[in-house]
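Going by the order they are written in, the chains are A, B, C and D; count residues from 1 in each one.
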Amino acid sequence: MELATKKIVLRYHWVFRIREGWGIFHQSLLGKIGLVLLLLFALMALCSYIPPRLDPMYDPMTGVDPKISHSTGPSMRHWLGTDFMGRDILSQLLAGARIAFMVGVSAAFMSIFLGTAIGMIAGYVGRIMDTLLMRLADMIMVMPTLLVVLILSSLFGQLNIWTIVLIIALFRWPGVSRVIRSQTLSLKQRPFIEAARVAGASHLRIIFRHIMPNVLPLSFLYMTFRVTSAIIIEAALAFLGFGDPGTVSWGMMLQWVWKTGHMFKAPYWLLPPGICISLITLSFYMLGRAMDEVLDPRLRREQEAG
Amino acid sequence: MNLTHNVKTHVLTARVLILGLLAVMFLIPWRHAYGADMVKVGLLQEPKTLNIWLASDRWSRKVLGQIYQPLYIRDPKTLKFIPWLAQEHPVYDEATLSYTVKIRPAKWSDGSDLTSEDVAFTGRLIKEFRVPRYASKWKFIKKIETPDRHTVRFYLKTPKAIFLTRTLTTPIVQKREWTEVIEAAKKTEKPLHALLNHKMDRPVSSGPFVLKDWKQGAYLFLQKNRYFFGQDKTIDNRKLGPHIGGIIFKIFGTSDAAIMALKKGGIDMFWWAIQPGYLEDLRKHENIRVFYNEKSALYYMGFNVRRPPFNDVNLRRAIATLIDKDFILKRILQGYGIKMYSIVPPGNHFWYCPNLPRYGEGLPKEARIRRAYEILRKTGYTWQVPPIDTEGKIVKAKDIRLPDGRPMKRFTILTPPADYDPNRAMCGMIIQEWLRAMGMPAFSKPMAFGSLIQQVKTRRDFDAFILGYGNLSLDPDYLRNFFHSRNDKPKGWNMSGYKNPEFDRIADLSAGTMDRDKRRALIWQMQKIIMNDVPYIPLYNPKLVEAVRSDRFTGWVEMLGGIGNIWSFCRLRPR
Amino acid sequence: MELRRYIIRRLVQIAIIFFVILTVLFMLFRLAPGDPVSRMVDPDMTPEEAQILISELGLDQPLWMQYLYYLRNFFMGRFGNSFHYGQPVVTIIANRLPNTILLFTTSIILSAFVGVFLGKIASWHKGGKVDAWMTIGALATHTVFLPWLALIMIWVFAYKLGWFPITGMISEEVWLNPEAGIVAKSLDVLHHMALPLATLFLIHFGSYLLIMRSSMLETLKEDYILTARAKGLSEKVIRNHHAAPNAALPVVTSVGLSLAFSINGGALTETVFTWPGIGRELVFSVSHNDYPLAQASFLLIAIVVLVSNLVVDVLYAYLDPRIRY
Amino acid sequence: MAEGRHNPLLELRDIRKTYRTRRSLFGSGGREVVALNSVSLEIYHGEIFGLVGESGSGKTTVGRLIVRLEDPEQGSIRLEGVEVTKLRGKALRDFRRKVQMIFQDPYQSLNPQLSVFDTVSEPLTVHRIGNSSQREEQVRKALTAAGLSPPEDYVFRYPHQLSGGQRQRVAIARAMVLKPSFIVADEPTSMLDASISAQIFNILIEMREKLDATLLFITHSLAAARYLCDRIAVIYKGNLMEIGSADEIIQNPIHPYTRALLDALPRFGDCGEMKYYGTLLGREREYVEPSACPFFPRCRPADETKCSRDKPLLKEIFPSHFVACFEPDLKQAEGSGGDTCFYGT
């Protein structure tokens, strides 16, 4: 191989690792199903921008069909029918995909960020900091998140979708931080950290340059699971009527079906949001499990040995 | 091998256990019908208490309404007062400012007589403990006398219109039952607290039914009261029963479940407004009858008239013009309701003033915008992009400016959250969109109910809100409460901060006017003033849709506020 | 001795955590906007009347006084009276708790039991079709949106097929009937419990299955399994008697750790099925600003989760002879 | 070199270090273990000093203390006369430039996420030495010096793409790149094949010459120490047993423990009948007083009364040859091996 190309290729080491990971991932049936489903949902989320541009009546929140003022079944104009106000269910469903991704990914990202940072600090600094942070984690961990968000949303008024996301993130970091902490603890003992210290590296440098790259894959694995739980919590909250009324989420759609009494007579309206919530959680879950296999060093070693 | 044997037994037990559980679940023998002459009524939530002084929720009142009776009730048709526990109409003595009421011979459910002592006791209890919700109706009573066992005389401090409509409709409690309770309560640090928190298990009843059993979270069983004074009597030309063995109140938790139970015959009536979505099916059902009645309700948008921008009556009028009540009614309420044009519901025929300004009535969207634009333009409002362009076409307006040239600051419309009332939350969203089309920076913000009230009533820091009353009293005294400048204080009822000396004067006059017709003229005048100044924009009054089984019982009595009234339960009879 | 010291240490930790939760909860509830009286909107109540009610409820005292009262009352076991029901909170909770316990323990035991059983089967067929379908099935049921599943269950089994009552816990036909004995009454409760139980079961058994499966696969790689094989024991005995009991240990932990998760689900299930339990009461009290009741139910849930985590740890050590304190 | 009794480069004085055993899973326990007990050493400029002992003897701890990965409980460590244990901030950074360490396990001592270039250049980056092209040049030189040439083939590789020996060379390059004056090499070859070990040894020797560096070579093998070192110290359970020049220690070991270590070495070549000391007790003595000589439980020639009560101090038996034993047996072992008797590792 030419030296120059070699340099470039090797510089992008992570490309290799991803490819290598993909090799393992590719063999996992769950991973493939999950990925395909997820791509479908992403497509839905992208498509959500189309209907409102076609006609204002397809706006998921405010658009109503001028000719229809009650719930109707699927038709050419409305492929999945309309809701009780004459709004198009399909465009709501598409918008719901967008919200689900938004809620799931941003809440997961925040909680993973928090969890990773706290876990690394607790593990690296140790002593009283570790004890304090981990007791805090214990405390937050025993709180049923949904009930906490419920209490908060009833106390502080109807919560805005971003507030909900923030609260979910604030209450879902302990699991991640525990894993990251123990990983950090074991990394801290590793000679390469000591080598860096002997070389004169500062604590910040050690954390960011040596520990973080080694815990990030684990964080990303946890992110997929956090995405699911965030989506479920938001949906449950919206279902109970504590969601953000300004957004059309799937949970909100279910709440509308339930509250307006269409639950048993409008299956075209009851089924899609429920199926979507279940499937998107399922796909993230499958993805997570497949990634788990990619990242599990033990399985990896077996692969290498074999 | 022994080990294998062990494992096998484990697996076997497991299988037997699971099968057994499944069998139990599926093969429950169908129970035989019990209580054929009991009316089963579905409730959405558990009554919170049977202590009448604490009962502020609808569910407790629904149950307690069958137990504690007042002196006077309303006729279902005319809504006029007719004597109930009282023998006849009260006799007024202008000289002493006193009313004398004769009590009907009646018994409590424990067999003892209901006497004037009980009535006087109830009044004194309320006055002494200043029981919330009742105290204001009794505080103008100077003195209560009981000349004999069947006569009560009330001496008033000043003439009060609400004496007849509110004071005399207070439910009467038994002296014997409550004497001990209040004696004990008085000895505590917080007597009212003790009184409110007294646990009442089996209230002594003067009504048609008496409580027999309450399984928390499941049902309440009210049995026919054999001492009921109206039994087989004719009152107000109506022959009373009860002809049924009792009422079983079943608690469902969700409308869905209750309506399914109704369809399946599990209950005979669902005592709650039915959402339009269910109606189509219910109407098709051969054994279900649907009743449509008006409610004495008011759902409205209120403004904070203390501060800009809503201290300008023209802006309020323009908004009233922009709001399309037909849209709200047709889309959000699915047609089950009526548009409101006054604070007093039209169903309250006597007090409702029929000829009031109707802003933008029946206009299409474009015409509304044009008219509102006219109102605002004439009074000095300007736009960066006005809603009507130079060619007279409607465009999306941008950046409205107040008459003084300053831009309009963003304002919020507070609404209850969707879980509490989806209709009001939705109205907020829609109104926001309409106002934005005029270039107004409107933001609809649903808020937890407690916080909303806190914001509007206590802190009085808000721009506009959408609230409502599902059960307004039939006496229009609330008009005075809502808009009298005296009530513009923290936690006061004048939430808008409306101040009008002329209105105050008429309102005070109306409160002391005992003559019905004279008072009506005053009340009408008040309505006109309010609808001219629009501190509140009345939006709608939902229609009360209720459904019952028609195969087991007949005799439901319709009235303002629905079929769930004392008349119905006294007149129901098995088919 | 060691075990006892460990338990004591954990109890102290639990006490501290609990105290913090107690305080945070107090702050949250007191600092939030909205007072309980505002909830009882009634055009008839004058501001003076409302003020009387507020002072009767002790809400007009300085915050730190309220806090001290709150702590004192808590340690004396007095949670105060519910604003809504006007009865001692303890009475209400005592009334609702057994219902929740009944539903919860049954569903957890049932799903753990079935999960372990099926997980074992799946691990036997590792890589095969049975395994693949079981895994996918478990994942699918585990990720179904719970309230939606509950609605569908009601629709199919209660509404369409009419096999089960729609909601509730008992039916008045049986309980008011003087002829009905204890057997009829318990059968009635079981009948009502079937649907919520099945819903919770469907949601939870999948996770136990997956845990059991992977734990079983891991255990089968251990040396002592190899030894057992070398001794010539049959595969079945090895799996059922040597591997399964050890492999089931993580399930025990997961039961404890997933408790917070199950409580979320429990609240939803109880709400949809109108099961008169503590979760539904919490949702209700929260939306009615009933501070004492919401606080007490939340604290109770926190205690349950904390203590059960401890119990699981101890139980784990008791079951696994390799762990010593 | 060893003869020059000028001021020592590194001086350890009465170093004591104890560890608490890790708490068991649920937090009880925590016994104290003495890792180093009053250790004093002097290492002179330019020499390779070997520290030999079995695993758990505390030899690694000495290395870790010197590079300030840990702090001693008592005693002082001086480098060029400057107290090391109290260094903070800037002074510590300067110290880090002067003292480097090569770790035992090349599989663990390289960050798997960093390329060879990143690993080797890190010390330069940390100490802000040179610009990027200068750094690249230095990295190249260090890699070449460590036997990885041409360096272009290696700079962009990752640890998992390297063999164990290559990894250790990278680690050596990392240690060399700062041109330190003192290097601690902690069993750098124990994880490697014998042939590669020899190469590594040669690199270390070259390094000393090129950088004019002083080395502390920590090993469990007397043979390796003899091959590489100028002077050797033998450590047992945190106590120094014998210090002397390498030849002296091998040819004329005095302490029973040193002799036992020699006995344990495989030997080849013309070793004659036997050169066997037999100082190790077959079965350990039990119930030993804490104040006893640390080697007493395993010492055959020990004096039951004296050695069980007190601990002997280091005494200069021969010039520059220190032994910690009450009654050193100065006799050589029976039988003599020729000059061609070699000890293997």
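By definition in this document, a residue touches a chain if its C-beta (ideal position, glycine included) is under 8 Å from a C-beta of that chain, and two chains touch if they have at least 3 such contacts.
Here the structure is a predicted model, which is why all the values come from computation and not from measurement.
Distances between chain centres, each the mean of the C-alpha atoms, put D farthest from chain C. Ranking B-C and A-C by contacting C-beta pairs places B-C first.
Once the centre of each chain is set as its mean CA position, chain B and chain C turn out to be 36 Å apart. Once the centre of each chain is set as its mean CA position, chain A and chain C turn out to be 25 Å apart. The distance from the centre of chain C to the centre of chain D, each centre being the mean of the chain's C-alpha atoms, comes to 58 Å.
Our note on geometry: chain A versus chain D, Cα centroid distance of 51 Å, whole angstroms. Across the assembly, chain D contributes no residue that touches 2 or more other chains.
Among all residues of chain B, those that touch two or more other chains are 254, 256, 260, 419-420, 448, 451-452. Within chain A, the positions touching two or more other chains are listed as 154-157, 240, 258, 263-264.
Note for the complex: chain C touches chain A at residues 13, 16-17, 20-21, 28-29, 32-34, 132, 135-136, 139-140, 142-149, 151-152, 155, 159, 260-261, 263-264, 267-268, 271, 279, 282-283, 286-287, 289, 294, 298, 301-302, 305-306, 309. Within the complex formed with chain A, the chain D residues making contact are 64, 67-69, 93, 96-97, 99-101, 103-105, 108-115, 122-123, 126-127, 152, 156-158, 171, 174, 178.
Chain A contributes residues 61-62, 64, 69-71, 84-86, 153-158, 240-243, 245-246, 255-256, 258-266 to its touches with chain B in the complex.
Partner chain B is touched in their complex by these residues of chain C: 32-36, 38-47, 49-53, 56-58, 81, 84-87, 95-96, 99, 110, 113-114, 117, 151, 154, 158-159, 162-177, 184, 187-188, 190-191, 194, 234, 236-237, 240-241, 271-272, 274, 276, 280, 284, 287, 289.
Listing the residues of chain B that touch chain C in their complex gives 1, 3-4, 6-7, 10-11, 14, 17-18, 21, 24-26, 28-29, 31, 33-35, 40, 45-46, 48-49, 51, 54, 56-57, 130, 132-133, 135-137, 166, 190, 192-193, 196-199, 213, 215-219, 221, 248, 250-254, 256-257, 260-261, 264, 266, 419-420, 448-455, 457-458, 469, 472-473, 478, 481-482, 487, 489-493.
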